[in-house]
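Chains here go by letter, A, B, C and D, matching the order in which they are written, and residues are numbered from 1 within each.
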Amino acid sequence: MSVRPAPEPPVRLTRWEQRTELPLFAVSLLFLTGYAVRVLAPHSAQPWHDIALLLVWSSWPVFLADYAVRVRLSGLGARFVHVHWLDTLVLLLPLLRPLRVVKVYSAVQQRYGRPRRDLYARVMTYAGLAAGLLGFSAALAVYHLEHTAPGASIRTFGDAVWWACATLTTVGYGDAAPVTFWGRTVAAGLMACGLALLGAVTGSFSSWLIQVFAREDEKRPPGRGQHRGGRF
Amino acid sequence: MSVRPAPEPPVRLTRWEQRTELPLFAVSLLFLTGYAVRVLAPHSAQPWHDIALLLVWSSWPVFLADYAVRVRLSGLGARFVHVHWLDTLVLLLPLLRPLRVVKVYSAVQQRYGRPRRDLYARVMTYAGLAAGLLGFSAALAVYHLEHTAPGASIRTFGDAVWWACATLTTVGYGDAAPVTFWGRTVAAGLMACGLALLGAVTGSFSSWLIQVFAREDEKRPPGRGQHRGGRF
Amino acid sequence: MSVRPAPEPPVRLTRWEQRTELPLFAVSLLFLTGYAVRVLAPHSAQPWHDIALLLVWSSWPVFLADYAVRVRLSGLGARFVHVHWLDTLVLLLPLLRPLRVVKVYSAVQQRYGRPRRDLYARVMTYAGLAAGLLGFSAALAVYHLEHTAPGASIRTFGDAVWWACATLTTVGYGDAAPVTFWGRTVAAGLMACGLALLGAVTGSFSSWLIQVFAREDEKRPPGRGQHRGGRF
Amino acid sequence: MSVRPAPEPPVRLTRWEQRTELPLFAVSLLFLTGYAVRVLAPHSAQPWHDIALLLVWSSWPVFLADYAVRVRLSGLGARFVHVHWLDTLVLLLPLLRPLRVVKVYSAVQQRYGRPRRDLYARVMTYAGLAAGLLGFSAALAVYHLEHTAPGASIRTFGDAVWWACATLTTVGYGDAAPVTFWGRTVAAGLMACGLALLGAVTGSFSSWLIQVFAREDEKRPPGRGQHRGGRF
């Protein structure tokens, strides 16, 4: 519990990340909203389309600027790209930003001084949130790519969300599935990320449940049942 | 093993919960039965329909009263809604009551003074029971919502149960799948809850099996095999 | 490592089980073979059909006799049915016998004095074997029940085996799926048992792999790589 | 951390394996490339077909020679086939070579003196790589076996890759599935291997995430949030 800063990331980088986390998250929500409006609004809704496009294109430079500052502060130079490959990937594909929600989550908790929740509960919350946001992004992207394709089974945004649910949980009914090359690429990405995240949710739920039952054993209230139980 | 009550829930709340658990479970079984009759009985069976409706609508005030008493006894006021969010959700959607089966299960064990079973066995039993009941509720709800929809693949209650099995285990053949908005919403809920519960069953079965094999190592009877085994 | 017998099962019961395990396994393989011939042979192959039927019906009394002896030796009386519920279930549904393969496996190992394998390897072997045999039994039963049903997608035994693979691994393509009530009941049983067994295989494989990598860390041969690695 | 060699594999065998690992991996990549060209190139591209065939057939004797040397060095004689059954299987089915990628991976790390990564990260990397390469091999093999079959749903190599993704992650939409006997045999193999590998990826990701969150608890920077958090 000493105040000694961790040796690896420089103090200024850590501070920068802590301060920018929430604003950046707001920007990425704007990005997602813009993309959603762009994809979902009918083509005739001219003003909204343009505003959405503006949102999408104006949030990206913000991400780029943040990335540049962090490369600078880290003092790693070109090695930053390799060491922080997830950040690099997220810069190129902003729809993957939900994966960074873990830092936002702890930033929020810290700012409002909430007492830390149970370890497993936090892992579940983070992985569940990230999976949900990724699923939503993937549903948007797949709807965008598929709904005009010939022979597509994903024709409405509802179908796309339904497909994302069935894919994330690996149920995979197959009543809605992408048919185009890019739709399938997005789907493969969702399977890979989502499977790992869902596995984390399931795994920590299982550990948490076992913990709950183990704890209950200890605090079993003494009474008639306990007494008779002792007879065995 | 001290008798000191746990500091968080007040003693009176704990006592209330212990006493009402089994009656409330009986009421929720009545609720489920009523809903099942309501959904499954042919429309012409007039008296049964009305009795079932009565059951459904008369059990809900009981749940509400229990909730109100518990809010009062907890001394948390409005924060109760947030802290006990699962109870709040279960009040609004009584079909989710199976999730509370864990408390019923330990209440039964306590009342009859049964010796506690193995930790993993209990987790498996609880998660399996909850998954089974949730699956049954979901099958009822999906059958209710789907069987008259145009183009539905779930036309009989048997189809709905089959769909629930294939969904809970994430097999997802796709020969039966909901097509309406509300049917798909219920399905997404079943996937989320059921996946976690099934993961818990699988996880604790795996841990239990490893434990069984590890124990067997220790109590291996000494004999010819053991002896020759020692030669290696 | 004391020679003291475990207090619960009486010594004579343990001895009986050790001695009968392998003969009983042989009988249950005969049962499975008989059932397989009965299901797979064309109806015209008259002599084989009768022999197969004879095998099936003559092996069951053997199981019953073994069960009766074990009830007697255990000294539990009617409680045996409850305590050893898996054995009771296996008596009624001999196709579930693969679940008992765990005892056969250790009996074989003991008889031939093979050194014990790694814990995880044994769990994987047992669960994999049991899953494979159960899958084969289920494929036989589903083929038996489905191949003459109207609108069936499982028409050959190959289809049934393919369906069993896709079900056990929860892939569930849906190109072959049971359509009759009893076929679906068998399928639901396979999903439940198989999912847990496969989860055990996956879980112990994962643990085993982590163990292998952890061990490798320790025995890393000292050399140029090691040396340069130390520089970091 | 003593320099004592592990007692089981003879020193010369270990040295042989370390030296040949990377060249053999290069040969197996050539094999895979050859097979891919053979399967994917149009039949009219005569010269390439022949070169690919040459690659495939000339790499196999290399594998055989390596196997023979290792049998010799191990001093196990015929027992080598049983003890190193995975190597034997890989010799017979070179498309399974990705399973040996674990040794290549550590060989590369050792040669370049990279600092060892986290245990879970390594398990994830290995299992992910092996699953990816196996999936690619299976996609090649299934495309080879299926694309001319009557009634096939896998008609292009893209379909085969899509099918491999959906199978490895157990999503199994069923829009593309093998229909021939050998295609289904390959698919069953992919399910079995892939499921275990993917389970390892998921399992270690879950463990890793829990570790990350647990570590974060310890290095939480002291500040306003921390302070207020202490009040609770």
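Operating definition for what follows: a contact is a pair of C-beta atoms (placed from the backbone, for glycine too) under 8 Å apart; a residue touches a chain by one contact, two chains touch by 3 or more.
Bear in mind that the values here come from a model prediction, so they are computed numbers and not experimental data.
Greatest centre-to-centre distance from chain A is found for C, with centres as Cα means.
Relative orientation of chain B and chain C, expressed as the C-alpha superposition rotation angle, is 90° to the nearest 5.
Interface note: chain A and chain D, two copies of one sequence, contact each other through mostly non-matching residue numbers (shared numbers fall below half of all numbers used). If you average the CA atoms of chain C and of chain D, the two centres end up 28 Å from each other. Centroid to centroid, with C-alpha atoms defining each point, chain B and chain D lie 40 Å apart. Touching of two or more other chains is recorded for residues 166, 170-174, 202-203, 207 of chain A.
Chain contact summary for the complex, chain C toward chain B: residues 3, 5-6, 14, 18, 106, 109-116, 119-120, 122-123, 126-127, 166-167, 170-174, 177, 179, 181, 184, 187-188, 191-192, 195-196, 199-200, 202-204, 207.
Within the complex formed with chain A, the chain C residues making contact are 170-174. Here chain B touches chain C in the complex through residues 158, 162, 165-166, 169-175, 198, 201-203, 205-207, 209-210, 213-214, 216-217, 219-229, 231-232, going by the rule given at the top.
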